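Here's a structure for you.
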Amino acid sequence: MRSPSLRALSIATAVAFCVSLSLVFFYAPIEAEEGFLQKIFYLHVPLAIVSLSGFVIGGLMAIAHLRTRDQRWDLRSYVVIHMSLIFGAAVLITGSIWARASWGHWWVWNEPTLVSFLIIFLLYATYQPLRFAIEDPERQARYASVFAITAGAFVPLNFMAVRLSASYVHPRVLGSSSNLPGPMMLTFFVSLGAMALLFATLCCYELAAKRTRILLKARSRILGFQ
Amino acid sequence: MSPPAHVRVGQPVHAPAGTAKVVLALLRKELLVELRTLESVPGMALFAVTTFVVFHFALNQNTVSGQEAAGILWVTLLFAAMLGVNRLFVADADQGGFDAFLLAPVDRSALLIAKALSLLTYLFVLELVAVPAFALLLLGPPLSQALPSLLAPLALGDLGVAAIGTLIAAMTVRTRARDLLGPMLTLPLLVPVVIGCARATAPLLQAGRAGSGTLPLRWLGTLALYDLVFGLIAYAVFDFLLED
Amino acid sequence: MTELAAQAAPGTLAEDRPIAVALDGLTRNYGERAALEDVSLALPAGATLVAFGPNGAGKTTLLRVLATLLRPHAGAVTVFETPLPQEAWRVRGRIGLLGHEPLLYRELTPRENLRYHARLHGVGEARVEEQLDAVSMTSRADEPVKTLSRGMVQRVAVARATLHDPELLLLDEPYANLDPAAIDLVEPLIGVGGDRSRPRTRVLTSHDPGRGLAEADVVLGLRGGRVSLLADAASVDPEEIAGLYR
């Protein structure tokens, strides 16, 4: 069905990652203050950006679902949010490693991005329990969409609030992604592109797997009745 | 025997009710049920006071002030509010109240507004008990120095809790494990409210000041923005929770 | 495929009355199961439709769709010439539902419950008193519903369902929990009504072939969500109805 484009997407992702990793290890300069381990920045920040965008996109897809009542939008919304949650876990892990490397602690409260992520992760971690607590599939999809919209709107507000609350006495532990010198900027954007491709590919795979399972169930039910 | 007058199937006996009247009718019913059962408000208030006592032992301090005091006050109010949020739609879900409302020719947002208003009322009564109790049991500096300014973060925080609490309560009431799911969903969503309220209140509760500290407008602005955004979102999506 | 049965029982109702309820291929799913599948019928105003069928056949689902509580997943539903669910808000005030739940708050009294419903429907308080009197609950109107017997609760529920004098009455086994005296009491409220110029359209579910057939103008038999019998009551044999349950 969709295998040609899925294959093309996977190949593109693999290529993008090869390029990005080569840039990270061989092209991007070693950062003066933090050393080699700073390179985890090229993993952590793209993960964060892609994950956050995923949550917001999931919310937009949920709006489409409620407006069109088309269950396919709900499936897409579910997959995107699920994937963003997994990427979000990776954000927290890489962020923690980075914090340990630069600041000596496994967790820091002074990095607003990391802290916001923790809150958002905790929020979206309830998405699946919420879905599975509702038995009627149509109502489950509808309630999940309401949640996705509310949580999607929450993401930017939360970032704002946490950033405001961050202490201005301590400098930000993990460097910001602006004011980067040329080579770092290039590496960053290539990594971002690779991460986005990875996200899209994984989502497509999961969507395809789910659709197949739904088709199989429907077919077996029809066969069962005959 | 001639058929009784009420049997005549003649002119319709009603005119549809406007939204404000419906909200009032709903609110009246809510408060009447709460007054009869006393299920929410006494529990919330008692929980808050008990929590202050627990804090005293947990912190091993006689008084608190400043940011610490603000934090304790807001966390306690928040958790007590969760109790009220959990119970908000339970009577309706269990006794067919949703059906009764859905059958009526009224604007369905009226339910959201009425429930949020009743939650606000419960929070107001909760604070009438909890804030003086806090001043009595734990707060170092006198409450009078903080009081008029304290009303602003209290009000804005309450609005945020009411909007999100009502929405999430409606979402979780007809699910399994609704008592767990409710707080799990609501607490992360209310983190900005906690940030705003706790930071806004902290200067008001500073020890050793002749006059109260000034209210940081930045936090009030954040709270107001939050209330506005989530009030609008709740209004927009609520219908989808009710229909089947 | 069953055909539409738009005829009323001969001799009792005029032939050119408008269609109160029209269903065309109504389908409502529950997950992958069909609660109602491809249900079509047309019910003229003032007629009574009685639905029979075993539990799970879709009778309650049908009533809830007509009450605008459930949206159809496929097919068209038209009540009083208004399409549901898009314009459900237009007709809600003209429909009354008496389901399995009384829809009364147990902590409130019958009077308080009825007043609440009256306010929601824009009905005056005098009507509340009328209804309480009609079901002989005036003497117990100020005791909380939780203290009343099931029969009394059902009577108050009838009062609630007919409070706004609906033109379309949906009744899910209305005579359950009622003793014969109580049935006589509520009959005027949920019966066809005495005014021939504005007769009440009714859709009932029943498990009692004898009583159900007697009341019906049109008989609907549901089985597994599908229509297995749709005909004028006069032409239906009680045996056919019993057959639905086997």
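Residue numbering begins at 1 within each chain, and the chains themselves are lettered A, B and C in the order written.
By our rule, contacts are C-beta pairs under 8 Å (C-beta built on N, C-alpha and C of every residue); 3 or more make two chains touch, one makes a residue touch a chain.
The shown structure was predicted, so the numbers you read here are calculated from the model rather than taken from an experiment.
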Chain pair, most C-beta pairs within the contact cut-off: B-C
Chain nearest the overall C-alpha centroid of the shown protein atoms: B
Remotest chain, chain A as reference, centres from CA atoms: C
Whole-Å gap separating chain A and chain C, where each centre is the average of the chain's CA atoms: 50
Centroid spacing, where centroids are CA-atom means, of chain B and chain C in whole angstrom: 38
Centre-of-Cα separation between chain B and chain A, whole angstrom: 33
Junction residues of chain A, two or more chains touched: none
Sites on chain B at which at least two other chains make contact: 244
Chain A-touching residues of chain B, taken from the complex the two chains share: 164, 167, 171-172, 174-178, 181, 184-185, 188-189, 191-192, 195-196, 199, 218-219, 222, 225-226, 229-230, 233-234, 237, 240-241, 244
Residues on chain A engaged by chain C in the complex (per definition of touch): 136-138, 217-218, 221
List of chain C residues in touch with chain B within their complex: 64, 67-71, 85, 89, 92-97, 99, 101-108, 112, 116-117, 119-124, 127, 130-131, 133-134, 144, 160, 164-165, 188-189, 193-195, 198-200
In the complex, chain B residues that touch chain C: 3-10, 12-17, 21-22, 24-26, 28-29, 32-33, 36-37, 91, 95-97, 99-106, 243-244
Touching residues (chain side chain C, partner chain A) in the complex: 29-32, 73
